[in-house]
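Quick one: the structure is below, questions incoming.
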Amino acid sequence: MSTIDPRLPGAQRTRLAAAGARSVTASLTDGRGRDKVTGQIFYALLLLAIAFALAGLCAIVVQAFVKGSPALSLSLFTDAPSSSAERAGFRPALMGTLYLILGVIVLVVPLGIGAAVYLEEYADKTRWWNRLVELNIQNLAGVPSIIYGILGLAFIVRGPLDLGFILAAGSLTLGLLVLPTVILAAREAIRAVPPSIREGSLALGATQWQTIRRQVLPASIPGIITGVILAISRAIGETAPLLLVGAATFVTFDPTFLGSDGYSALPVQIFNYATRPQDEFRVLASAGVIVMLVVLLAMNAFAVWLRNRYEQQW
Amino acid sequence: MTDPDVRADHDAIEEAVTPGANGLSQRIVAEQHAERQAGADKVFEIEDVAVAYSGQPAVKNVSFPIYKHDITALIGPSGCGKSTLLRCLNRMNDLIPGAAVSGSLRYHGQDLYGPKVDPVQVRKLVGMVFQKPNPFPKSIFDNIAFGPRVLGMKGDMDEIVERALRRGALWDEVKDRLKENAFGMSGGQQQRLCIARALAIEPDTILMDEPCSALDPISTHKIEDLMLELKQDYSIVIVTHNMQQAARISDRTAFFTVDVDEGERHRTGRVVEYDSTDKIFQNPADPRTEAYVTGKVG
Amino acid sequence: MAGTGDSEQLRGRFREELADLEALALGGLDLACAQLRRVLQALEHQDVSLASDVVAGDDALDDLYRELHERIIALLALQAPVAGDLRLAASLLHVIRSVERMGDQCVNIAKLIPLDGHHPPTHPVLLEELGVMGKLVCGEIEQSKRAFASRDLDLARDLIHQDRDVNELNRRVFQFAWESGDDPDGREWAMHMILAARAVERMGDLAVDVGEQLGFVMTGQFEEFRDASHPSPSDAAPSV
């Protein structure tokens, strides 16, 4: 703080001194008024956005509950579909969804982890073909699911694989649909393992494979599982591709993987009930929606719990 | 003629003057002997070694020997290639795509980069401790046991782990909590764990890349004392930014500098002076060394 | 001395070296005392061979000085001591200088003993005074060593009392020699006694210097141990 030039006349010095004192004290109390208001407006807008999203979600859930709760009973899980609403249920559809998901897991987990490990640990990222593969995978994750349905129809049900309209074909199709998501999630989990762990392992004389198997993968398993669960919860809800690869809407018996008698899935069955003219079936459809929502919520909650429990603080 | 008191004085002086007897000169003689001993055995012979990353030279014209049971310090400003050179000694530079090492690097007489040499084997014999402690997200026991397990070392794992922790001056502090996660330890303990982990695979040389730069002064001194103990059984090469540390513990010091290309496009490091630490810090031969150790030049 | 979690045990090598240097420096004081006793013995008995032993023995003190100087500088360069350690290291540089000078004083005395076997007349009183001075100064040296080693500042300050006695004796020797008579041989010998007494008195001062260094080590201040009420007169000035 420089002193005021003593050669100035007294009155001027007094004025300068007062101004200096004011600027010092003022800076403590002066809010940056405009910036504060902008901050508050921004905050309000954020709250509004959240409110919209929540409102939309709540509307769907509340409507489903209101409409479907009368039909909620155990018979939903044990009865097959029938033209009579009282005796109709979701059993084959539930079984179908379950089998489909099992098939997806069997397909997607090894392929997804393997691809992620290759991309993160072995691929030379400066090579153009590896960059191309990465780009492709990221794109595939965003492709509309109906395209996968067409793919399944053309290449799996008919075409080279020619499996016909069997449940396995449905699993394969759904698997391809969620594979990119799993690969991306697994890659993120593997990337989250810091390079210092790999370096430390290699510096002790471990080979690359030993490092992956004993350090990287164990540390990234929680992240990978979370990704798999989220992918599955997406797969459960996919209806359009299943319609194309043979999920039928009126199946009264339990499905099998390779049986060519047909199979169904929960979203498909809900779709079927919802489009029937009788009101009772619409109530059933809503009940089905409730069931689906509960399953999805449970799965996501489990994924979140898993992630929190095993999250590594690096 | 001379009374007994004077006789005693006489003996005292005689003793002090005679070299080789108990007293001062004995110490000097012993030190010279140790010097010659150290000079006999070289762990590394580095001749005209250069390292380039994707064509850009990072360090070149490096030539000096590293002696057994020495603590050799590599000092110099940032970017002068000391860590790069260190990573050549256990072939960790292999992991960096685009890294090219030229020149001759011999380890106990064998070419370290020979065609039949397995880098994994090299890393068993030449261990490394990194700047930021990097324990694995496992228990203390599993951290130490990891190396021996992947290398298939025979023997009772409990014994191997205890031996390594004792040598790393950590046993007393952790013997009751071997199954606890390594992340629960303080920074200084974690670094000593990393040292014990490196010792568990029975190397003969330990490389340390600024091992104390992330630690508080007490932990730093504990690790320095540990290094002074370890040097009886191992050879140690340490890269350090802390000149006082190099002065305190090393036997020999190599001073690196950076050559900046005209147009400032890239920086290449090389060794200016390599001598006993005494000489480097009391009377360095090169004015650049003097400028650096006295802190006049960064 | 690896860390066992006890912060008292750190930097073992540095502590050992510093303790070693202190022990060696203080050990030099013993050597100086031994030289003094020998040279006074030689003076008393005109023992020429003992005198040349004393001169040869000074090599030990010079070697000690050189080695300790080297090691203290190395300690400063390599271990960067601060606070008490730094004060100790700096004071040891002074101490070893004092020790080396004590040795030089003994050599000066030794050189006074004639080599040609000529036995000049001696005065028993002068020799006795000189002997007493020697004992007092040896006592001073030993006390300075004890004070330094045990960090006893009061003991160090006490040194000026004996030093005053030594100064007094020095003056008396001067006076005696002044009044020693007309015989030229006797006078020459008496002159040499003055020089010898001067040398012994200097050694006493050097012992006090060691005590003053202790003051610096312990307080960080340099305090001259001079009693203000009794300023020490110039040693060479006769008081008739």
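Should a chain be cited, it is by its letter among A, B and C, assigned in written order, with residues numbered from 1 in that chain.
What we mean here is this: a residue touches a chain if its C-beta (ideal position, glycine included) is under 8 Å from a C-beta of that chain, and two chains touch if they have at least 3 such contacts.
Remember, predicted model here, so these are calculated numbers, not experimental data.
Hopping across touching chains, the smallest step count from chain A to chain C is 2. Counting contacting C-beta pairs between every two chains, the top pair is B-C. Measuring from the average of all protein CA coordinates, the nearest chain centre is that of B. Averaging C-alpha coordinates per chain and comparing to chain C, the farthest chain turns out to be A. A separation of 88 Å divides the Cα centre of chain A from that of chain C. Work out the mean CA point of chain A and of chain B, and you get 49 Å between them. Chain C has its Cα centroid 45 Å from the Cα centroid of chain B. Counting partner chains per residue, chain B has no residue touching two or more of them.
In chain A, there is no position where the chain touches two or more neighbouring chains simultaneously. Contacts from chain B toward chain C in the complex involve residues 1-3, 5-6, 8-10, 12-14, 16-17, 24-25, 27-28, 169, 172-173, 218, 221-226, 228-229, 244, 247-248, 277-278, 281-282. Chain A contributes residues 124, 126, 194, 196-197, 199-207, 210, 214-215, 219, 312-313 to its touches with chain B in the complex. The touching residues of chain C, counted against chain B in their complex, run 1-5, 7, 9-14, 24, 30-31, 33-35, 37-38, 41, 45, 47, 50, 53, 56-57, 59-60, 63-64, 67, 73-74, 77-80. Note for the complex: chain B touches chain A at residues 90, 92, 95, 97, 120-121, 123-124, 127-128, 130, 132, 134-137, 146-147, 150-151, 183, 194, 197-198, 201.
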